[in-house]
Structures are given as C-alpha cells and as structure tokens.
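Each remark here refers to the structure printed beneath this line.
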Amino acid sequence: MFISILTKTIGQTRVLRSSTINRHFSSNLSDYGNVEGIKLSEVADNVLNIQINRPEKRNAFTSTIIAGFRSIFDKLNTDKHFRTAIISNTGDFFTAGIDLNYFSSLYPTGVEDTARKAMRLLWLISNMQETMKSVISCQKPIISVVNGGCIGFGVDLISCTDIRFCSESTFFQVKEVELGLAADMGSLQMLPRIVSNQSFLREVVFTGSKFSSKKGLEHGLVSKVLPDSETAFQSALDVAKLIASRSPIAVQGSKVNLDYARDHSVADGLKFNIVWNIAMLQGEDVMKSAMAIVSKSPEPPKFDDL
Amino acid sequence: MFISILTKTIGQTRVLRSSTINRHFSSNLSDYGNVEGIKLSEVADNVLNIQINRPEKRNAFTSTIIAGFRSIFDKLNTDKHFRTAIISNTGDFFTAGIDLNYFSSLYPTGVEDTARKAMRLLWLISNMQETMKSVISCQKPIISVVNGGCIGFGVDLISCTDIRFCSESTFFQVKEVELGLAADMGSLQMLPRIVSNQSFLREVVFTGSKFSSKKGLEHGLVSKVLPDSETAFQSALDVAKLIASRSPIAVQGSKVNLDYARDHSVADGLKFNIVWNIAMLQGEDVMKSAMAIVSKSPEPPKFDDL
Amino acid sequence: MFISILTKTIGQTRVLRSSTINRHFSSNLSDYGNVEGIKLSEVADNVLNIQINRPEKRNAFTSTIIAGFRSIFDKLNTDKHFRTAIISNTGDFFTAGIDLNYFSSLYPTGVEDTARKAMRLLWLISNMQETMKSVISCQKPIISVVNGGCIGFGVDLISCTDIRFCSESTFFQVKEVELGLAADMGSLQMLPRIVSNQSFLREVVFTGSKFSSKKGLEHGLVSKVLPDSETAFQSALDVAKLIASRSPIAVQGSKVNLDYARDHSVADGLKFNIVWNIAMLQGEDVMKSAMAIVSKSPEPPKFDDL
Amino acid sequence: MFISILTKTIGQTRVLRSSTINRHFSSNLSDYGNVEGIKLSEVADNVLNIQINRPEKRNAFTSTIIAGFRSIFDKLNTDKHFRTAIISNTGDFFTAGIDLNYFSSLYPTGVEDTARKAMRLLWLISNMQETMKSVISCQKPIISVVNGGCIGFGVDLISCTDIRFCSESTFFQVKEVELGLAADMGSLQMLPRIVSNQSFLREVVFTGSKFSSKKGLEHGLVSKVLPDSETAFQSALDVAKLIASRSPIAVQGSKVNLDYARDHSVADGLKFNIVWNIAMLQGEDVMKSAMAIVSKSPEPPKFDDL
Amino acid sequence: MFISILTKTIGQTRVLRSSTINRHFSSNLSDYGNVEGIKLSEVADNVLNIQINRPEKRNAFTSTIIAGFRSIFDKLNTDKHFRTAIISNTGDFFTAGIDLNYFSSLYPTGVEDTARKAMRLLWLISNMQETMKSVISCQKPIISVVNGGCIGFGVDLISCTDIRFCSESTFFQVKEVELGLAADMGSLQMLPRIVSNQSFLREVVFTGSKFSSKKGLEHGLVSKVLPDSETAFQSALDVAKLIASRSPIAVQGSKVNLDYARDHSVADGLKFNIVWNIAMLQGEDVMKSAMAIVSKSPEPPKFDDL
Amino acid sequence: MFISILTKTIGQTRVLRSSTINRHFSSNLSDYGNVEGIKLSEVADNVLNIQINRPEKRNAFTSTIIAGFRSIFDKLNTDKHFRTAIISNTGDFFTAGIDLNYFSSLYPTGVEDTARKAMRLLWLISNMQETMKSVISCQKPIISVVNGGCIGFGVDLISCTDIRFCSESTFFQVKEVELGLAADMGSLQMLPRIVSNQSFLREVVFTGSKFSSKKGLEHGLVSKVLPDSETAFQSALDVAKLIASRSPIAVQGSKVNLDYARDHSVADGLKFNIVWNIAMLQGEDVMKSAMAIVSKSPEPPKFDDL
C-alpha cells in the first residue's frame, strides 16, 4: 500500500497535499471546535468529557448537536491524546430525545411521489445513523453517566456506549412507539445485546413505559446506580482514569475485539483476534507491562500516547 | 410487482380468483375456527387470548393443538384487527408438553431403511417446527402467562414469545434430555438468547432439572412473577391493553426490527431498520402521535386497524 | 421428539388425527389435483413433467398458476415416488411473465394510509415469494427446459431451478426495470449465483434488454442449447432419467448440501454435510451401490422409493 | 423519526441549520467542484462521465484524486439528477495505479513503536478504503470503460463498479504482489465475485502477471471488448443512456438489492427485497410503466428525477 | 463415504493401518497419559476430574499444561466412556494465568523483520488457541469449579466451559489489559455471551479490575457460589453425576445444538437441529426413556456408553 | 500474550519444553518423513512437489495417504522454506478416488444402535475432513496438475487447491452419487465457488457423469489444458517458480485474504484485510520491492524465507 519507506531511502519526496486523506489525527481539545449545545473538557489526563448542554430545553438534541456528536466521535476515534470519554449532561435531565421543532424541517417536502419521498428518507435516516455509527465504532471506551430522564434518542445513544452508570433519580424511556414509529437510531439493535432480560426489554419497547434506575440495574442496562449526579460522575471518572492509565494499545485492542466478537461467530472472533495481535504484540507496551510486574515496581508503568 | 393501479386507470379488470394468493387477511374471531384443546376469546379490544384447554390431560399438546397453533398464528400474523395475543392456560397446569400417546403414531413406520426413515423424520420434524416458526415470526407481540408446570414443549413455546409472566407456583422443566433426546422445537435456539445466566441454562438443559418461578425471574426467563394465576393474567392483560392502544404500525415495526436484529450484525440491523422506516414513516400514525404530544391532548390518540 | 416406538412396544395407540401434521406425503399424480394453466404428467418412471399451459396468453402466469406451482412443489418435496421434475412449456413461448390483468386486483385497495398499504404489500409479496421458496427448497432436482421467450417472472422461476437447458430460438429478458420496479421474485438473489459474468448480468438487469440463448450459454445461465424444443426436452429427459436411476438418498442429499453450501461458509457447509451423512450413510443404498461396483454387475442397482 | 408533518400542521417551524445533517443532495455538475486529475462532464442527459485525467503520469492516482473520487461518489449517491456514471480515462493508459511519490509521505513516520505504527496504518488504510466504499455503495450504476493498461489500484477500482467494457489493446495487472504486499483496496474481495474462473484469478493474483482484454472477457472480468477507445466508450454510453431512460427508482432499487444479495443468504435477500418494495411499489413509476405497456405507446415513458 | 458394509458382505477385508485415521476413540483413564501439572481421576462413574495441579506456583499454566489440556479434551471429545468432566484446582488458587517464565522463550526470536515476526506470532497464537478450541468444541459438558483466584488465562478457560460454580472466596480478574495486550485466548469472544451485564463486563475488561464471587454470580459469570472449596466441588459433582446418568446421546446432542445455535441465526439453528435428530431419534435411548416413563419405573433407565 | 521480551531483557529464561506448543516450524524435506503412496521432492527452489504415487492401483487413496496429506499440509502451512506446492500424479491416472478395500474396515462395527453408530460416523468423517481442511487452510498456494482420470475424492482434493491445470486426456467425475451417497469431502462446498456454470455443475453432481478436460476448461474447473502430462506439469512449474520468486509475505497474505473474503461479506473482507496489513506493511519486502521498481533494477528482488 504505502511505499513511503522507499522515499525515505532514495529521497525523492514531493510536496503532498495529504490533508485530503490524512485528515483525522486530532490531538487536542481545540481541534474539536465549538458546537452549540455540547460542552467539551479534559476532566483528567487523557479523559474527554462530552456534556449535552441545552438544559433550558431538557437537553433535547438539535440537528446541530447530532452532527456535532458525529464530528467529535470521528475525531476521537483517531485522536492521539484522549484515551476515553465520558458522556454526561448539564442540568437535571440527561435528554428529552430529539427536539421535534428542529427536526420537522428535515422531513422531505416538495416531493409528492411515495417512492421518491422514500428515497429522501433513506438518505436522511442514513445520514443520522452515521452519528450512531461514529459512537459505536469509536475505538476509545465511552462511559455514559446518566442523571435525570433519558428518553428516546438518549437511550439509543447510551446503548451505543461501553459502560453505563446513572444516579438514583434517573429514569429511562424507549419512547419511539409512543411517537408512532419504530426506533431507528440503534435501540432495537443494541439494547437486546445489553439488557439481560429480554421479556422486560420487549415490554418497555412495545409499551414505551418508563422504568427506573433500579430496574435498569436489575435488568442490566446500567452497571452501577449512585446516589446522585456528583457521585455518579465521580464513579465514572474513577473508571475513566483507570482506563486512561492502562496501555491504550491494550484497551483499544480489547474494544475492537469485543465489538468484532459481538457480530461474528466465536471461531471468527478468535481468528480476527490473532491477526490483530500479531502486530500489537510487537509493541513496547507489552514489555513495559511485563517489566513492571516482574520488577514489582510500586509505580504503574506510563504508556505513550498513540 | 403488482400493477393494479393500471387496471384502475384503464378499466379492464377481470374476475380474479385471488383467494388462492390473498388468503390470510383475517379480521375477526370466527375466522379462526374451533380447534379442540384451544379456547380463543377477545379479552379486551384488539387483544386475542389463546388458552391451552385440555386440563384433564394437564394440557398436553395433541397434534391437533399443535396444528391449531400454527393456523392461529399464521392468521394472526396478517390479521387486521388483533394487535397482540396472550397465551395462557385453563386449569392449574400450563402444559405437560407433547402427549406421547397422540404422537406415537406419527413416528414413521413401515419403512426399515435407516436413510429413508431419516428422510421421513426430516419431513415430520420440519412440519412440526412450522408451528414454532409461525409463533416466532408472527408480527404481533405475544405474551405468555404461565401458571403451574411448564414442561418440555411448553418451554419451547413460551421461549418463542415476546413477554413472559408467571405465577409464583409455576415451575419449569426442559425435559427433553430425560426423554433421551435433544430438544428440537426451539428451546436450544431461543433460551440462550433469553436467559441471562448461561451456566444455569446449560445445567437445566443437561440435567432436565425442574426450576422455580423465582429462578426463572432471577435468570431472566420471565420478567414478572405474580402471586397467582389471576394476578398474573391481569398483569399481562394490562400490558396487552397498553400495547393495543399504541400505533400497530409502530409496535409491529419494532417487533420486526428486534427480530431482525437478533439474527444479524448491528450494521445489518441498522440498515434493515432504515429500509423498513422509509415506508412506515410516511404513515399517518406518526403525525397523529406528534400532534397528540404537541397539543398536550389528555386523550391518547386512536390508531386505525391495519 | 416422537416416541412412537413406545406405543409399538407397550401397545396403547389411540386413533390419531395425524393428517393435520402429517399431510404432505404424496405419491402419485392424482394427489396433485388439476390446476388451470398447468399440465402434469409422468414422462418417465419417477420423472414429473410440469408444463406451463396457457399458450393462448403466451403462458402468462395467473395467480392460480402461481398458487398451483407452490402447491405442486410443496407436495413434490415430500413425495415418495417422483425423484426429479422437468418444467417446460406448451406452445412456443415459455412465459411472458405475470399476467397484468390477473394481478391488478391483488394490489391493495381500500386503504389510503401509506404505512398500512405497505403492510398489505408486505403480506402480499411475502405470499407470492412462498412459491419461489417452494421451488428453491424442493429437495428434488428440477430441470427447466425453455423454449421461446422467457420473460420477467419466467427468469425468476428458472433461476430457482437446478439445471437449465433451452432451444436455440429462446431469448431471455429480466423485464422488471422496464415495469418501473426492482424484481422481487428471486432474480436479483439467484442470478448472480448462477450467471458467470457479473458485468453482463448487471447490464441486462439495469437495462431490461433481451438476450439470446447463445449469450445465455456463454454467460452461464443455461448449460445446453439444443436446436429446437423437441431436442431440448429430450436432452432434459435423458438427464432426468439418469438422475431418477440414481439413489434418491444420494441425489437429494447432494442437493440439500449444495443448497446449504450456497448460503454458508465452507466450514459450516462441511459440518452440516457430516451431520447429514451420519444418518444417510447407514442406509441400504450405499451398500447396494458398492456391491454393484465390486460385482461389476452389468445392470445398475435399483433403488427403492423414499 | 422525523415529525415534520407536525410542524407543517401546527406551524411552529424555526430556522434550522439543517445543512449539517442534510448536506448531500447535489444536483448539478458545479456541485462537484474541480479536482486536479479528474475531469467531469454530462455526456448525455443524466449521465455523468468521470475521467481520470493525468495522462502525463499514465493516470497514476494521487491522494488528491483518491479523495476526489470519494467526494464525487458520495455526492452522486444522493444526487437528484444524475442516474448513472461512466468512469473512463483520458490518454492511452487507464491508470498505472497509485503514484508512489505522492503516497510515500503518507506512510506514518515519527513513530517507532510497532504497535503505534500499526494503529496509524489502520487509520490510514481505513481512510483510503472509504473511497472504495463510496464507489461500491453508490446507488447509481457505474460503468467502467478501460482503455490501455489497468494496473493495481485501477483493477481495485473497476472491480467495485457494476459494468466493465474495454478496448482490445487493454491489459490488466493485479500488481500488488509485485509490490511486496497483499492488495487491500478491494481486489481480493471483489474479483472472486466477478471473475468466472477462480483458478485463473488466483494465478494472476499470486504471480502479478499481466493479462489481455481477451482473457478478461473469457474469464468474466469484462463483458465486452470493443476495437478501440472510441467504440468502447460509445458502447458504454449506449448502455448508460438506456439505463438513464429507465425509472431511477427501479434501476437503483435493483442495484441496492443485487448488492444486498451479494453479501447475504438467498432467504435474507428475498426478505430485504420485500421490505424495499413495500415503499417503492407505491411510487408513480410503476403506474407510468404499466400504462405505457398497456397503451402500447410508441414513446417510452419519462420518469422524474429523484 | 465409507463402504465398509461392502466388505462385510463380500468378504475381502485387508489389514488396514487405520490407526492413522481412527486414532481418537479413547475409553479409559490410562489412555490420557500423565501430564506434569495436571491430575486426572474418575471421581464418579463416567465423570472425569481434571485438576490443575501446580499449587507451588499458584497453578500458573506452563506450555506443557496448555498442550496437555488440548490433548485431554481432544481425547475426551470422542471418548466412549466419560460423559462429562469437572475442571477444578488443587491448592487454594485456581490459577494465576500463564506462567511468564515458561512462555517467554516461545516468543519468536532470531527474526528481525516485522512481517516475518508477525507470521511467527500468527502460528504461535493459532497453536495456543487450538487448546481453547478443544475445550469449546468438546461434545461432553464441562463443569468448572473455581476456588481462589482465577486470573487471565483462567478466565479464558472457564468461559469456554459449560457450567461454572465457585467458592465464596473466589475472585476473578481479566488481567490482559494490565499486561499491555488484548486477550486472545477466548475471553473477549466468550464472556459477552455469558455475562449478563455488558456494562460491567466492559469495565472489568478495560480496567483489569478484580471482582468477587458475588459480582460473578450477580452478573452471570457463575451460577452458584458455595461456602468453600469442598461444597463447591460437591455441588458440581452432584450435577455431573446427574448428567452422567442421562442418555449421552441426548446430553451431547443438546450441547452440539446449543453451540451451533450460539453462532447461527434461529432459523439456521432449527434446521441443523432437525438434521441432527433424524439420526439420533432412531436410537435406543429414546425408547428406553419413554418406556421408563410409561412404566413408571422407580429406577431411572441405564444408558450404554457411546 | 507472549512476554518473552521481558525475559530477554531481565534474563531469567528457564528451560522450556516448548516443543509441545511450538512444534510445526518445518523447514526441509526430511521433516516431512516418508509416507507410502506419496512422493515428495523439491522440484525447484522453494517449490514442493507432492505426487500421488500408487499407480498400480490407479492412485486410489488409502487411509495412510489421506493421513499423510494432512500431515504434509499441516507442516507446509508453517514451513519456513517452501513457498508453494504442486500436487501431481505418477502414472497415467490422477486418482480413482478412495480405495474401497482400505476404507471398509473403518466403518464402525460392533455397535448396533443407530444413534451410537451415527456418533462414530461423526467422529470418523470429521477426522477425514481434517485432511481437506489442512489443504484448504494451508497458507501457501497449491497448484494441482491433473493427468488422466480424476474421480471422486480426487475432485474434492483439487477443488480445495488454488490453481488447476490438466492435460488434454484428463477426465473428471464427481462419483459419489453413483456410490449411493452425497459427497462429504469438500466437492459440494468448493465446486460451486469454482465452477462458472452452476447448471452444468448440478448436472454432473446429480448424475455422476464424467466430463472432459475441455468441459472442465469451458466451465471453469481448470484454467489451462495442456497437450500432455509433461507440458501440463511444466506449465504449473513455471507458475510455481514465479510465485516462489515473489515476496512470501505478499503471496501468503493474498491467499489468506482471498480465503477470508470467500466466506465473508465484502465489508468484513475489507476490514480483515486492513488488520492483516497493519503488521505486514511494516515488513522489509515492501521496501525491497519498491526500491527494485524505482531503481529499475534488471534483477528481481530476492526475498528471505519466512
């Protein structure tokens, strides 16, 4: 594929406008820009915090926020510095879902034919799903900390992340059926792979009934319920820091392989795992880790950024 | 495919014996006929109750009942009126499984050759599995309410439904190993996708040991255990009514997509979901729902039958 | 599953209405009934000939004929006597496809909502596809002999069969694009697995252009082109007779495994093949065949019906 | 999903910055911009011609051209006007593949650790593959017309298109093995699904040997070989015009379903096809087509843009 | 395939060196040989106990033990006598994982080129994974009884078994991330299919944090926690004896079908189940079981070894 | 996984009995041993020739030869020296298939129960299929040169190889149906992926009819037909030498990815391809190749053994 070694050797490099290809290697907060309704900060070394920040509208998602999430996760995926991210919310509501006002004008108008309208909807939903795919396929572990209501699109979003904590007062609602439609932003695909009680899941999907943080824990949607927003965030931050202290090669390799295994047979997953590791086991993190263990160093090893 | 619009336009319709193709659009109880051992009733608007009704034999399934279930679920799948169904039992035993007496004469006789006997068994089991497939692929949500023993084929049956409640005195048994055979009516395929503890599941499959309603809840086979038969049924009925009040387009679309997601990768599931919705989002239920929300109507919207 | 051995042993068989389950074991021509537009005959021992027989309308398919094909192939699948079938046509046109007049009244009317109309179309197309599935999944080898035009649904049909011969004057047309729609009766799924030149295939699908028997042979749609209708049929009959003389266990096992392999990985196909053979290798046909070979018998062995 | 109907009804639309979501509905040539090394033109109504245009370097691909292709095919995918595209070349060489000089500087430098370098390569190759995915997943039929050498990346590219013609003097080379690497831009995935002789394919992949247009036709890589560049292009243009005259709903639906069928089982393909058609059969093109046929109109029907 | 019947019939058997093919039909303990670090015993009729036995090194796995496990499970798979196995540990530590000292010399040395080193790693990891595949694909149910720490490779191992019990003092650790690498011995593939809370799972994988037996039970890694090593083993033994008393045809058929269902769609699983049963339902265990039930025999039926 | 780097660094390597794990790195002819009925030679640098050598019995496969093939291909897979292999035959018959006399005694005897006999057949066929899997999964390209009859198992064997040439007088026969059974050694899985005319394929499978080298070429089973045995072998040898002169990293990477693509979707294949290449592109062969091209060296580059 890339024969750059060549050029190094025989020295005939030309100026290359590689930015068109090589555009995604972000490595600091300012690369992410400002998006209205999203607040970004580095809450600990290598830990990005993404806050949904439109509390006056119960954090309802605008098309700008949705597009913003896509851009953030695309960048984060190949970011050299950040190793994990926490999604949380300002205010006391995680999100009311998609803001109807914002989205109504997206609906295809000016076309009457059912088939052509269908084609526009195809492009539109595909485009929105790209945001979910950016979250799902981001190589860095993503932690959701939910506080307050988590409704509709909010459930889609957290179900595409890796680790989910919430505060006691949190409630959840798969609201789409109440809106007269079948969810198409990930809930129907991800929840059954996350929630441990399928009978419970189908009840809340078909009825659109709300359920509490307690039920969320009991049936596996979250793994921890903390007393309040602060303790929930702190708990997530502790996990995030621990993750950030591990080898990013090891952590991200684990995520890539867990995700691959989710969609393939055990045999296929094992094989992919081998091919991944034949490169990664040649890295320095394996040796650093082993030396730390053997030398019984009181300090954990430090791993370079990507 | 169908160019009927044409005929409307240029008016040359002939008499069509379309019943041979277009035969399944049932829409009232009498279309379902009477099957010995099954009791049908409309327990609430748009809610069908299917009772296993052979209490003198602990509701053991005859071949007539099995064929009856297939016919009922095939009809229900394209029924314009019923929106959900509850499977329950008369008497105090959900089912003892398949009635050995009834089924013994099905076993292929009059053929000695092992290969030809194998071919007959292939046809026979395939035919019986069609009943399970009718249940699994029915677009309407199916709720099982189990009261009393639920054995063998009974476990196959409820594991093919969407939502499972039971009374406290209920017990379950994957009995096939005790019968010297590997279950082939769905348990081995569906239970691992339902039950949350795979170690528990394999124990009860390999030993054929009974387990209680409490274990059933703990390990995810059911989502609610109620004190007795009446409260269990009432609880299911409440859920069924709520489901029946929702848009049937939204509810069934959700089921179709959950089922698709079960057997495909996340990416495939998302794509199928889009293609489903490009037709369904053009329907009136979406608007009705949105208007009800925006207008803060105290009444939930009413949705037409299919 | 079936514990009939028990009954034989301890003698308590009751009368069983098994016909509801065990209904498909046809074994002679009269079991197939008469369908207007289809002519059935036993053209050689164990060889069924299915002729499309509506020459006055260029053998256009009515809904009756489509439903008839489904019924015939469902029966044939578990028929004890017939071992292979030949689909051919009376007259000098294989088929003009689906008869628009017949099908126009199938199109859902009396429903305005786009979503509900979509649901009706779903049921309708699903129902029609059942005919294609009956052909595809029939365990007996099916040979198509095409003479004259083979258009639209005709291409769907032959692409679901195993072996395809035609006469020199035959031409083919994947007509659906000309009708303003994407084919949904099997062509788009089966042709790419049959035709050897994908560039050619996509051209004829996207343009709807006719192509000759010569192109059909060159690009793998058919395997033999004979001078005329009679020689084409005779050639198919020779193959059919040879197939019918082979062990039906071996022939049908080969088809089942080829079909399984088409939709699964090589490893999966090999494993399924083993499980199939652990029953079938215990049959008498293996021994009969081996003895015929070892004894150098001038007569080929005779194999029992299923 | 989108509740725009609501807004239409109750009138509270706000200004929406929808461009962030709804950005891809191009509909004329100027939307595509200018890319150095690519020449775009509308060679017939609704037919886009994409020419590789760097003849002084034997049309070797720069990173700019690769990024340009991605952008063009992303736009074309949701373009309302163009219905098909032809990829061809200026000069007498289709392409010499990727330009080594341009790409050498893309190779990750400044990182020594094998694992981290592997991660950079992962991002880089993924990014380049996005161009191939844009071509593969573009809903519009793409025709390649090859004239002169088609090497390395050129073979990847045409194998991702639908229809392939070439001139007599054309030759092909899967060059990657000669470069010391396994192709990773699509050849190894697409060629085995296109080429009819797998033994031939593996020979040319493992040896990197050139092969002629004649071999290309014989083994199914192309479907037509024309005397020279002009006749080849004209032949492609005729096909393109015919495609452009068909219903874009029908043509693109056929492509979507052929592509889905390629990667799924027959049963899955059939089911997806149904769900696609329940929207599309409600469109006006079906009726227009049927009326044209019934009325025996000498003029083919005209279909609206998307 | 095998035409042995022939030889029986016409009597021309020659001496066959079949051992090269037919080599795995072990049936007593001595066939398993002695492996340093593994202790084998028949703890009840037909029940094999495999103890990890290197307590002085916290049962860390040497390459000898890993190879030993492969050999044992390959034999057990086709053993005619043993019907189930229990993996447990001597000492008070289940296992500390792979012994670093032993494995360090396996790492490819004497080769500098990254690609060639990658190839060596491919062979090496593949070879080690063969042990996991031997465990996963063994037809006999395997029970793990964990007592004390279960770390790294230990978690891989038990996640490849069917039933998992542990003592109260047990703790678990997915340690690989701490070692700077992504686990490649099965944890990432098997745990998500076993553990009921995916958020919990991803936390412990990404952080490498230890978790208690209580968490293991709560989140579905084990199905029973017993007070101590002895009661845990006894509990496993009771289950093992019950399994061993069942028809080995039924038990192993159930495992084969559960495993198949794990990696295939429901429809595929049901079909495979049929083909498996058309041989197995012709066996004597079905009749024996049925007779025992009908005759209400106080004694459970005895089933022959395989 | 392997922390050997550690040991190198801190020097505490112990003696390791690694042979149990690390046993397959053969690198010269004598490692392969002698197998009766197989002749091995190095016909050119890095090119292994495997001759079926039992001409007095028309090269019929004994169980020894089958086991020998498995052993040879397992070794070859991880051989550091040989880069490709040619399978050919001594005498004038490629192979008559499996020798019935040798195999008759493999058939399970001494067991009457149908289910238990089925289990023995399962083990036996699985064991024999391991040979086919060794051929299929060998990373080195395998060329078959067929001269004379290629019957039954011979067709299975060559269909598992990469490149197939034959002499003019060669004929082929998928003989299994004539033996009363469905082939289970790979033909039914591999042939449909190789042969370009599926109608032809199904005819020869269902009838067991012989077909000529000409038909084999026409329908894609072979890619070259040469006048006689010598020219066919020479032609294969030329290809083998060319392959052996290429980078073994590139050649084997191409084979691994072609094989992966065969059994996965295009998207999955592309992703696997990336992960493979992120290790392999860091190897020296890429640079050597690029330098040879840039420097226009008249000598092709020399690549190290693995």
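For clarity, chains are labelled A, B, C, D, E and F in written order, and residue numbers in each chain start from 1.
By definition in this document, a residue touches a chain if its C-beta (ideal position, glycine included) is under 8 Å from a C-beta of that chain, and two chains touch if they have at least 3 such contacts.
Since we're looking at a predicted model, the values are computed, not measured.
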item	value
Self-contact between copies chain A and chain B, residue sets same or different by half	different
From the options A-D, E-F or A-B, the pair that copies B-E, where over half of the contact pairs coincide	A-B
Remotest chain, chain C as reference, centres from CA atoms	A
Between the pairs D-F and A-D, the one where more C-beta pairs touch	A-D
Chain centre separation (chain A, chain C; CA means) in Å	48
Inter-centroid spacing, chain C versus chain B (mean Cα positions, whole Å)	31
Intercentroid distance (Cα basis), chain F paired with chain C, Å	35
Contacts with 2+ other chains: residues of chain E	1-3, 5-6, 100, 114, 118-119, 121, 125, 179, 181, 184, 193, 196, 220, 249, 262, 264, 267, 275-283, 285-287, 290, 294
Overall pattern in which the protein chains touch one another (line/ring/star/complete/other)	other
All chain pairs that touch each other	A-B, A-D, A-E, A-F, B-C, B-D, B-E, C-D, C-E, C-F, D-F, E-F
Residues of chain F defined as touching chain C within the complex	100, 114, 117-119, 121-122, 125-126, 129, 132-133, 136, 176-184, 186, 188-190, 192-193, 196-200, 202-203, 205-209, 219-220, 262-264
Complex contact set, residues of chain B against chain C	1-8, 12-14, 16-18, 20-25, 63-64, 66-68, 77-78, 100-107, 109, 113-116, 118-121, 123-125, 127-128, 179, 181, 184-185, 249, 252, 279-285, 304, 306
Residues of chain B that touch chain A when the two form their complex	84, 141, 162-165, 193-194, 196, 220-223, 239, 242-243, 246-247, 249-251, 253-258, 261-262, 265-267, 269-270, 273-283, 285-290, 293-294, 301, 303
Chain D-touching residues of chain B, taken from the complex the two chains share	1-3, 5-6, 9-10, 264, 268, 272, 275-279, 281-282, 286-287, 289-291, 294-295
